[in-house]
Amino acid sequence: MRKVLMGNHALSYGAMLSRVQVVAAYPITPQTQVVELLSEMCAEKILDAQFIKVESEHSAMAACLGASLAGARTFTATSAQGLALMHELLHWASGGRLPVVLGNINRAMAPGWSIWTDQNDSLSQRDTGWMQFYCGSNQEVLDSVIQAFKVAEKLHIPAMIILDAFSLSHTYEIVDVPDQEKVDKFLPPFQPKFRLTPDEPHAFGGLTSPEHYFELRYKLQKDMEKAPALIEETGQEFEELFGRKLGLVDPYKCDDAEIILVTSGTTGYTARVAVDHFREKGLKVGNLRIRVLRPFPFEKVQSILSHAKKVAVIDRNISYGHHGIFYQEVKSALYGNSSVPVFGYITGLGGRDITLNTFQKIIEETQRNETPPERISWIGVKK
Amino acid sequence: MVEIRFHGRGGQGTVVASKILADAINKEGKFVQAYPEFGVERRGAPVYAFIRIDETPIFDKSRIYSPDHIVVLDPTLIEAIDVTEGLKEKGWIIVNTDKKPEELAFPTKYRVATIDATHIALKHQLGTRATPIVNTAIVGAVVKVLDLARLESVIQAVKEGVPLKPEENAAAAKEAYESVVFHS
Amino acid sequence: MKKQQPTKKIIFHSEKEMPLAPYSLGSMLHNRTGAWRNIRPEINLENCIQCGICWKFCPDVAIYIENEYPVVDYTYCKGCGLCAEECPVKCITMVEEEK
Amino acid sequence: MNHPQKKKQNKMRLTLPLEEYMHSGHLACQGCGATLAMRYVLKALGQRTALCIPACCWSVIDGPFPYSSLDVPIFHCAFETAAISAAGLKAGLEMVGDHETQVVAWAGDGGTFDIGIQALSGVAERNDDIIYVCYDNEAYMNTGIQRSSATPFGAWTTTTPVKHYKNRPKKDIDAILAAHRIPYVATANISYPEDLYRKVLKAKNIKGTRFIHIYAPCPSGWKTRPEDTIKLGKLAVQTCIFPLFEVEEGSTWKINIKPREKKPVEEYLMRQGRFRHLTAEAIALIQEEVDRRWARLLKYEETSPL
Amino acid sequence: MRKVLMGNHALSYGAMLSRVQVVAAYPITPQTQVVELLSEMCAEKILDAQFIKVESEHSAMAACLGASLAGARTFTATSAQGLALMHELLHWASGGRLPVVLGNINRAMAPGWSIWTDQNDSLSQRDTGWMQFYCGSNQEVLDSVIQAFKVAEKLHIPAMIILDAFSLSHTYEIVDVPDQEKVDKFLPPFQPKFRLTPDEPHAFGGLTSPEHYFELRYKLQKDMEKAPALIEETGQEFEELFGRKLGLVDPYKCDDAEIILVTSGTTGYTARVAVDHFREKGLKVGNLRIRVLRPFPFEKVQSILSHAKKVAVIDRNISYGHHGIFYQEVKSALYGNSSVPVFGYITGLGGRDITLNTFQKIIEETQRNETPPERISWIGVKK
Amino acid sequence: MNHPQKKKQNKMRLTLPLEEYMHSGHLACQGCGATLAMRYVLKALGQRTALCIPACCWSVIDGPFPYSSLDVPIFHCAFETAAISAAGLKAGLEMVGDHETQVVAWAGDGGTFDIGIQALSGVAERNDDIIYVCYDNEAYMNTGIQRSSATPFGAWTTTTPVKHYKNRPKKDIDAILAAHRIPYVATANISYPEDLYRKVLKAKNIKGTRFIHIYAPCPSGWKTRPEDTIKLGKLAVQTCIFPLFEVEEGSTWKINIKPREKKPVEEYLMRQGRFRHLTAEAIALIQEEVDRRWARLLKYEETSPL
Amino acid sequence: MKKQQPTKKIIFHSEKEMPLAPYSLGSMLHNRTGAWRNIRPEINLENCIQCGICWKFCPDVAIYIENEYPVVDYTYCKGCGLCAEECPVKCITMVEEEK
Amino acid sequence: MVEIRFHGRGGQGTVVASKILADAINKEGKFVQAYPEFGVERRGAPVYAFIRIDETPIFDKSRIYSPDHIVVLDPTLIEAIDVTEGLKEKGWIIVNTDKKPEELAFPTKYRVATIDATHIALKHQLGTRATPIVNTAIVGAVVKVLDLARLESVIQAVKEGVPLKPEENAAAAKEAYESVVFHS
């Protein structure tokens, strides 16, 4: 059914349709509507789940881990400070191989307090062993939750669904809400490969000496390496049932593009407008929206970008003391595979808007230079 | 693509108005995107909402700076802030007021429509004199002036979109649809 | 307390003008919250018994004292109505703002 | 201004000092109780005060960068850290030679009862030298009215919809802090500013961890009329829903106001949108719990020092 | 004075000699000796500091922030889970521009519980805006603390001193403990550019709208970019006084090297033994130990590595779903500057020992292949 | 083995069930009290039990991967999360159809009084259906004897050197939990296994949050002789340093053992290396505090229900 | 309770033999903690009154019951001395281990 | 480079022994590195400590697998574990025992020295019969057998390195230094 939904409600619908069994969450702007709608769904008995209204995000994630270990399908949502407060537990989820799904609304990190979007919160978690799905529309948010559960549970690896504060979380868009029946067909109940039960008493997560730790972590990475193919496959299966496709990346007019923009989140959609705009002007621009950052889609990124004459990576984030994180990731992936000049742009931190004009500057600068004139090019800073 | 900006005050349901309008547009099979101002809302303080409407899917996720039209839910805002900021030439200014369009002193490059939404709201028992709930009436007027959707879609969207008094709200929207004053 | 004077907004034209960290450089007095008001308190000083209750309970510090009598500062008064409600002699009336 | 120069020039009878350390222009809603709490507390503490404010309505009320509504310095700290940020700040000030500044953690109920309780408990255990003020509006208001453990039984919030209204009593934070045996615990109420003022002054002259719990109505979150804020505060005391008392060293309990006749809780509840769904049975339950708590408090006082 | 000190005590001495004024810390293996010695130093009045014995690492960092904002020199130490629990507050320190110095003992992240070394804990904090100094010896630990305070306070950016669990933390080495007088000369009292005081009442860290946030974060990065030169300069100044030099990187026989190993932490010292070993066999091997990861020493890494025929990056860490983190960082830095084949090796996770034999395998594999045969080469996993 | 087949074959007189759910080979120090606590609790709860164990000695005692000393499943959880991990686990088990398993958070004093108190307070407020057991060895032992807020006044630890011995009293966790008005709070002691066993059984049959606080001597951390473990436990009760009592619904207090004659605390203290530095004055202070606490407890009992 | 049987250590030759996550696969009975012992308890059953106290207080579950009498399991007994200390009739003696 | 492994039991001060030895070496102006086993120590359970000694700075931070010599603080360990694991040929095995070297059944590729450290410790009132504190005596013996440092350095290191009874410990070290039985 075509509904007008805010991104936060798309998350809640995704969780509901996935028949999550345990939800534990804590409110934070701009995530609150996710929790509020889920509370209501539980009160209205549309959703048969235990909702633990915890006293912090830290406890939210801890509760999810316990529930997931029991074999229940588990969901939470948060943003920025809340995600950061979960940090230790994020490692716990991946190391413990617990396929929790978490919705994160991208919001800039304090201080100063910000409630506006940028990606530093979720990107600061790139090394925690979670899959990360960056969404560009509310439809994608809903669809991603359902697909993420499928992938996460198969691999026993947790997954994060990420959406921009306000530009998705609070923005109403038309979303096709699929039928429960069809979703059930796509996503059967969680069948964990191990679970905590007195019937088969294991101690989970005990002291692991240098004799064993390495191999267990090797297994985690090896399973992560299975994810790219599985995500693509799952996306195809989803397409067959629902007619919508989601893959690791979302290339737009890249085939013949001379300049390819690399984008993520909603920026990746506005970029399409820019691409069309510049194409009209006769410039062969394309856009590669990276949907999945973890596992990193090496093959896709390499094969698509190496055709370009220039690549411009747009980061709504920064690793202080280094540069934009997508920029770093893309360069690292291309190293040894391609020698296309890769330009790095940082823009939109703390919710500064990214508009057609932003892209205009980026494309012009990329056109103007043979190679990046600076390590970081800042777009939109009042200097 | 049509882009509209709503001006209201915290507590007046400005965002709900844009959401109901979006619902109505959706019912027409068109594409739509609506969003509130990204900030802290306080009762009484000026607030904004935005809507984009198109025949094809909308990819632009940036904010609206040069709306095609604006809607003003509270006429006192006209004094308090510059409601026409960025408004495109020939754009409609749809104002909740008991005045006629020509009584309002907007530059002539804009087109003006007026609707006494407060009166309509009170008539349908929506809110109190101090805080009438005018948002559904406003939606009716906007749809009519900008010819965005059929009245049935609006009425259905209103009924589904309000927390209380669906019939009264629908009636208010209908009345506004029918009584908005404008010369196109 | 005297009447407060509205200040100017602080505008930075470049990052160089900004402090190292986000710390405050001025008051909020530029923010004329009187614009939020729907209804306005009007004090009938004739009946006022100078008890100071309206002054004491104003959450917006929008009543100041002049010549030993309370005065509403409409630049900031948000029109909550507390002063009128709490005035023991009911000499404050809330009046609708003109639209 | 029609200033009655004619009337004889009595002095205004003010029960609180004239000095203001909080100024107009702030971003609180109309009729906000939390704002009054700050105004009164600062009147008592004066300018040589430093605040640690975690995420809460007050982090908005004060105003955005580069502004502030207060005349005292503020450390806007992480949500869960009010108490310890204050203790750290105090230690730092001491080490740079400032032994005078009174450091205050200023947090909402969520930041105190829930996410901040650990840091608070730690500070209390060490008896770190700070004043901790919790202004209690009984929910997470800054994020749009979600339940906290200070939300009273029966209340609607966006995470306790009327069909699933809050079904646990309000956490007894005062008893919990008293059990930490800190030098001073007090409840206060914006409708009793003189009592509040006195308590803050008293706290100011004690060393160690002092906890002041201030009842602060929130028209936006409680669905009450802004002009009812003071009335509600008085009703909270008159119904014994939020009694005013002090506890010294966790052992000496003193009730400050004992209503001659306890008003029925219904009078309090029915003025508030958040309670409007309550049935007579639910209200009776609430009355019972209030009576029980009041009786307990009386007993504590009677058997003091405990 | 030449003393036999464990790495943890070297940290404590570093802090003491820096005349830290506020310490707030929480015990965790393998960091406990740091706190214990500092407790004792306070009890014995060798150190005039307030030691807040907090109830969690979260509070430890929060207390440090408060103290630092007051203008006091502030220190803490932790490891793994403790560092992770500080995560939100780490962002706070950098965004708030509070130059706290933190000692982190590198320990593998749970679950399963591990107390043994790997770098995933500190590297998971690479995006939090802290400077990161990876130490190779106890001498370096002590010296780094003192130098870090100097750099951190100048730039108002916090710094992390990082040492391997057990191989440094619990290993006794000979350390020259400098005279207090000389240290005082090198490191004058903290003169903050801003501080919290009622004398000049500012509100720190208030809500920062999209209008301002971007510029403030731009300033942070710009100051970070000043750090590399400042670190080198500070190292020189230190050398003049104490005769020991520390820079951004520590190259060993790189000048004529055909294969350069890129290492960090204690691995970077064992690597020297390997270099000597292979040099004896006639193979031109060199070792580039990266001492400072944040800010990333782009110039140094580029100029040193681009001379090599092959580069082998050794990671005692992994970003799951990607590859080794130093590998990623190095490739990203070299992209567009060099086309030397860069090999990525992961080894030693969870405390598995890194020995001459490890390097033997790495060097042999690097020799054997023209370009990296796989995205990650795992050394020492029982496959 | 010189088995006296000759003697007449009386039955062993066992006061606890024979069944063991904890087995030999575990990694506790000689004479470890925490180990006994586990042994007794599992005897009472049986095999359909699941434990959440945060970082603490028990995360080592149980044995490293891939081993465990217990016959019940364990979730080794993050240090600060014992209570909520258990609540999450319980919710998950319920949702997968297991309504029977008793979920137990099993934490040390540090994991309870300090870093875990927030999660515990949250669970208690929601009255989540778990048993929380705190085995109290009065310091962070697993990391090598650092002070916790359970460390008693006067004690040496590595972070409270004898010149700066712990100068704050032990946090009164039982009063804090009682103030949360959970259905059941009890103290217990490994030297009184039958009482402990009874309390755990009682807790097992209550729904909601139940808190059991077990005194568990630690020879390594207290610098006591391993063979003194049981003796110390008895002295702790006989001196009223660690009284045995139960609190129901936060209001009904019952003391289980009232020593006919309170032994002087010195008898208890002087057996322990951690107190050896104490002067007579310090000991007198401790005696005073113990007397005060005991009097308070008697008063609570007397005035029950509070 | 019967005497416990020591088990074998679990050895993984490759990651493939290991479980997905670090969870236990066996008991600690391979760990013969008797080797930690400095002094050993010896029970003089002649005087034993079968009270079960030694059994009850053994932190190492190293006393089992056979034919209604306590028996020390030296495979695991760590020699803490608690049983000897608590035996009401003092029929357990701690004896030094031979070196 | 000389690499030595110490075997002891938790609570015997095995690590302290290695630390004191390192201090003594330092006093000689040589380079040294000492570290304990990286794990959980329990009273009575077997524990290890390691030391590397060299004339030049030591860069190798890996663990020691093939020590040149081993030191056994508690003779019962010889039964419990394989103390000679990885020991190089001709390596010294220095054992605390009242036996003579030839009474111990070690393979002949090793050299054996014995010292009755328990006896010495008790004589100097270090510890009790059940738990004698033998570590300082052991250090004395080790230094002598391996010729690592001068007696003065050892004595000084012992005095500075023990928490209690510096004189007694120093005397024990000295006595052991002088009475260790070995044939090199």
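Letters A, B, C, D, E, F, G and H mark the chains in the order given here, with residues in each chain numbered from 1 onward.
Convention: contacts are C-beta pairs under 8 Å (C-beta built on N, C-alpha and C of every residue); 3 or more make two chains touch, one makes a residue touch a chain.
These figures come from a predicted structure and were not determined experimentally.
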Subject >> For chain G, the least number of touch steps when starting out from chain E >> reply: 1
**OP:** Going by C-alpha centroids, which chain is farthest from chain A? Tell me that one.
**Re:** H
**OP:** Determine which of the two chain pairs, E-H or C-D, is joined by the larger number of C-beta pairs in contact.
**Re:** C-D
Subject >> Whole-Å gap between the CA centroids of chain B and chain C >> reply: 31
**OP:** Calculate how many whole Å lie between the centre of chain D and the centre of chain E, each centre taken as the average of the chain's C-alpha atoms.
**Re:** 44
**OP:** Express in whole angstrom the distance between the two chain centres, defined as the mean CA positions of chain F and chain G.
**Re:** 23
**OP:** Scan chain E for residues touching two or more other chains and write them down.
**Re:** 53, 55-56, 81, 85, 88, 92, 95-96, 110-113, 115-116, 202-210, 212-213, 215-216, 218, 351, 353, 381-383
**OP:** Could you list which residues of chain G touch at least two other chains?
**Re:** 12, 14-15, 18-19, 21-25, 33, 36, 78-79
Original post:
When you check chain D against every other chain, which residues touch at least two of them?
Top reply: 27-28, 30, 59-60, 62-63, 65-68, 74, 76, 78, 80, 113-115, 117-118, 121-122, 125-126, 149
Original post:
Contact residues on chain E for chain G in the complex?
Top reply: 111-112, 381-383
Subject >> Interface residues, chain E side, partner chain C - complex >> reply: 95-97, 156, 193-194, 202-206, 208, 212-213, 215-216, 218-219
Subject >> Of chain G, residues touching chain F in the complex >> reply: 1, 4, 6, 10, 12, 18-19, 22-33, 36, 45-46, 48, 50-52, 55-57, 59-62, 65-71, 73, 75-76, 78-82, 84-86, 94
**OP:** Would you mind writing out the residues of chain A in touch with chain D in their complex?
**Re:** 26-29, 32, 35-36, 39-40, 42-44, 53, 55-56, 81, 85, 110-113
**OP:** Name, in rising order, each residue of chain C that touches chain B in their complex.
**Re:** 33, 35-39, 78-79, 96-97, 99
